[in-house]
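In the two complexes below, chain A is the common chain; its partner is chain B in one and chain C in the other.
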Partner chain A sequence: MVGPTASLSNLHRADGSASYKCPATGFAVLGAVNGPVELPARRDALKPEEATVEVFVKPGNAVPGVGEKYVEGILRDVLSTVILRREKGLPRRGVVITLAIVGGEATERGDSYLTLLPALLHAAQLALISAAIPLPMTLATTLLGVTRSGEIIRDPSPAVAKAATSLHAISFSSKGHLLMNESLGRFDFDTWELVRQQAATICRGAATPGSDGDAAMGGTDNAHVDGFVRETVEDHLHRDYNWKLESI
Partner chain B sequence: MSTPLILLPGDEVPKDQLPHSKSNNPLKVGPGLRLLSQPSAKPTSSNHVLTATQAGILTTDAKRNNVSILSFSNRRYIPAMNDLVIAQVHHSSVDFFHCIVTPHTAHALLGQLSPQLKQGDLVYARVLSVGVGAGAEVEITCVHPATGKAEPGGMGPLNGGMMFDISTGMATRLLRASSSSADENEGVDGLVVLSELGKKLESIGGFELAVGRNGKVWVDCSNAGENEVKATIAIGQCLQGTDEHNLNPTDQKKLVTRTLKAMKL
Partner chain C sequence: MSREAPLSVAERDFILKALQENTRLDGREADQFRPLSISFGEEYGHVKLQLGKTSIIVRISAEVTKPRDDRPFDGLFDISIELTAMGSPGWENGRTSDQEASVSHVLDRVVRHSNALDTESLCIVKGVSCWSIRADIHVIDYDGNLTDAACIAVMTGLQHFRRPDAVVRDGHVIVYKVEDRVPVALNITHKPLSVTFNSFNDGRDIIVDATLKEEQAAEGELVIGINSGGEVCFMSKFSGAPLDPLSIVSKVNVALEKVKALNAQVDKVLQVDLAKRAKLGMADESRAANDR
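Our next item is the complex of A and B:
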């Protein structure tokens, strides 16, 4: 399976930005973060002690509608938990996250955004890291589809997703908290538990104690999502600070 | 330290990476890190850990006993006490000049003690207070608050010249390079672009530079006579090019030579 690709700080005028492309599902998302900025229009609506997180989702081929508003709500809830909104410089300010869907199969009116959630969340999180917004932890998201025969498929393509009996988008923090659990379709608790276990493995690597450890995991084919986020960020920092690293 | 340690948000700083100072100065925790205390079995022994809140390279300074994170260089500037910034006057009210320090944030206030300024003027100032609590604004000053006299270091209005935007990381680098001794051959932080420009432009009268923490750099070559505009643009291009492409010292020298040649200087 071809892993996802991502690059950081692509946009010059945004404080932080990232592009994320997942070849398995075909989705590509460009994310930009501005913050901490003043939100003058709704100053009294702001909480005095913490930052307001705003998320905007722009579909590539249409004006944003109800579906986008709904997914913006989900993203705002998840991202709010991974932003330290009370850190210095953040209270009473806003963190504005804009996510543009730039590739992949177009979603139709009334479609669920479930299949897009992992790409949107990864683009948002990498953009937040690139804007140096204080975060307590990182998050990893995966999409799993359950087929009619009960098989669990990682990152199903749009066609497979359409045929699946249930779809699950699940997020884990780097500390192991379950941050998001969005499901669609018919499934029972046992199926969900299997899905959750597999998602945990995909997001955070094999959790079984006594395994070989990090060194062995890096080389394997199905590298976990946490490792992908780390590699992307480390790569970028190495390039950014080559003047410093060369002199050491 | 051979391999730099890159931390992601949530990573703990390993205990052995922290500077061990013999003096009694407490460890200073810089930006990008926070101190958390973990619950431990014994209530008497405190168990503190430093965790990163931003992704970046861990840097420690054993002499000053501090530890901080070098994060992404194009992040937004957040005002902090005693930072030097280049502000632009937006409008004036009875007591204050309202100045722009970063886009999309509240105006910083500059006391009227300062020299007369008009809209659009640039001023090199120091952050006096960042304000705590609701409704507080950032205050900046270019005079000493106690004496009312101009502060040393070129504080005050910046006349003539031109302002260029650079990343906040680059601004910090430039300030660090100018504050430490200039006789080093390799340059501070691998930054040789300024000394190289200084050498090459000495013959036409040199230049003046002011760097603001908020990602602005002001360049003035008023001694250069008819070459003034060309030299100003060349300096701006060299600084922005070094910033944008993260050039190493050799490439910085090449860039300076190429830019000056293109400008026929």
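Our next item is the complex of A and C:
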């Protein structure tokens, strides 16, 4: 399977940006983060002790509708948990995350955004890192589809996702917390448990309790999503600090 | 409300003084565009355009809908531009700005109302079904001259786009998938583009393709929409300092020259891309794994 590709800081104007492309599902998302910024327009909605996270999803080739609003809510909740909103300089400010869907099939009206969630979350997270917004941990997300015969498929293509009996978008933090669990369709608890286990393996590598998770890193065949996020950021840092490395 | 950081007095003076001496910040001539690069995505009608540091993605899409009651023979064509915080921190998400309105007005006039896309050819069954073509503009980096960049990108997208083939058989509309039948190009009647001029120092210095800083220092703006044949389809001089009529006439000639050059460049990249696609298509056909 061809893994996803991502690159950081490719825009000039935004404080931080990232592009993310998943060949399996065909989706490409461009993310930009501005922050911390003043949000004077909605002063009453600001909490005095923490930053406000704003998410805006721009569909690729359709009129924005309720689907975007719904997925913005999910993204805001998940990303709020991984941003250190009480860090110095962040309270009473805003972190504005803008995500544009620049590739892949158009979501039909009334369609769920579940298939896009991993791409959106990864783009948003990498853009946050690029904007140097303080994060205590990273997150890894995967999409699993359960077919009629009970087979669990990783990153199903739009056609497979449409035929699946249930779809699950599951997100784990780098410390192993289950951060997001969005499901669609009919399934029972046993199926969900199987899906969760597989998602944990995909996101965090082989389940070896107690280890710090860097054993399986670098492998291409069983590369996990957490490792992918880590490698992308590592590559970026390596390029950014090239001048420093050269001089040592 | 967030807005673009204003130019400092020193910067403004510097730009104006330099222009008096016929010099621009980036060393260009007064009627020279920044380097333009156009690339295409995997699907038809996905254009990525970069004009200097201004960068835009346009996606064209088509779907079958019902035509409007008062125009049963016409298909629909919409251009949607939404400025998000991605392009510039000065733009707010989900809020229409004046700039968005003005750019979308120019695009509407230059591309849509000049009938660059023949909407009658989009009709499938009179009054029942037609194609609705949609152009979505994503501004991902903003450094001045949004109007021209968006105009070039939309026109390139329209020329690159292929819609699925549709036929009417026994009163039923059949839309063929892209894999089943060769998709059809849109019917483009002419290729108008807009050229934006900015004036400085009481109309003595007029430049094309201003960067963001030059735009902020400008005192007036003139937009000319013109096609390669020299037909002016749009002209606006909304606000700012007055311009001498003679200079407007001479700028129309400059605009014509620019549009010819830009259209030639667009044609070239389009041909290169189509040739590449044709080659890929042939390779796909002749592959052993191809199920015939």
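The rule is simple: the second predicted complex is superposed on the first by the 238 of 248 C-alpha atoms of A that agree within 3 Å, B and C clash if a C-alpha of one lies under 4 Å from a C-alpha of the other, contacts with A are read in each partner's own complex, and residues count from 1 in each chain.
Here is the rule we use: contacts are C-beta pairs under 8 Å (C-beta built on N, C-alpha and C of every residue); 3 or more make two chains touch, one makes a residue touch a chain.
Keep in mind it's a predicted model, so treat the numbers as computed, not measured.
Student: Of the partners chain B and chain C, which touch A:52 in the superposed model: first, second, both, neither?
Tutor: A:52 sits against neither chain B nor chain C.
Student: Given the touch rule stated above, what does A:141 touch, chain B (first), chain C (second), both, or neither?
Tutor: Touch partners of A:141: none, neither chain B nor chain C.
Student: Who touches more of chain A, chain B or chain C?
Tutor: Looking at chain A, the partner in contact with more of its residues is B.
Student: So, does A:15 touch the first partner chain B, the second partner chain C, both, or neither?
Tutor: A:15 sits against chain B and chain C alike.
Student: Is A:34 touching the first partner chain B, the second partner chain C, both, or neither of them?
Tutor: Both partners.
Student: Go through the superposed model and pick first if A:191 touches only chain B, second if only chain C, both, or neither.
Tutor: neither
Student: For A:115, select first, second, both or neither according to whether it touches chain B, chain C, the two together, or no partner.
Tutor: neither
Student: So, A:25: does it touch chain B (first), chain C (second), both, or neither?
Tutor: neither
Student: Which holds for A:166: it touches chain B only (first), chain C only (second), both, or neither?
Tutor: In the superposition, A:166 contacts neither chain B nor chain C.
Student: Can A:239 be said to touch chain B (first), chain C (second), both, or neither?
Tutor: A:239: touches chain B, not chain C.
Student: Common interface residues of chain A with chain B and chain C?
Tutor: 12, 15, 34, 37-38
Student: Please output the residues of chain B touching chain A within their complex, sorted ascending.
Tutor: 1-2, 4, 6, 8-10, 32, 34, 51, 53-57, 70-76, 78-79, 104-106, 134, 169, 186, 189-191, 246-249
Student: Mind pulling up the chain A residues that touch chain C in the complex?
Tutor: 11-15, 17, 30, 32, 34, 37-38, 40-41, 54, 56, 58-64, 96, 98, 100, 102-103, 106
Student: Using the touch definition from the top, list the residues of chain A that touch chain B in their complex.
Tutor: 8-9, 12, 15-16, 34-38, 48, 84, 87-89, 92-93, 129-138, 173-175, 229-230, 233-234, 236-248
Student: Going by the contact rule set out above, which residues of chain C touch chain A in the complex?
Tutor: 1-2, 41-43, 46, 53, 55, 57, 59-61, 80, 82, 84-89, 92-94, 134, 136, 138, 140-143
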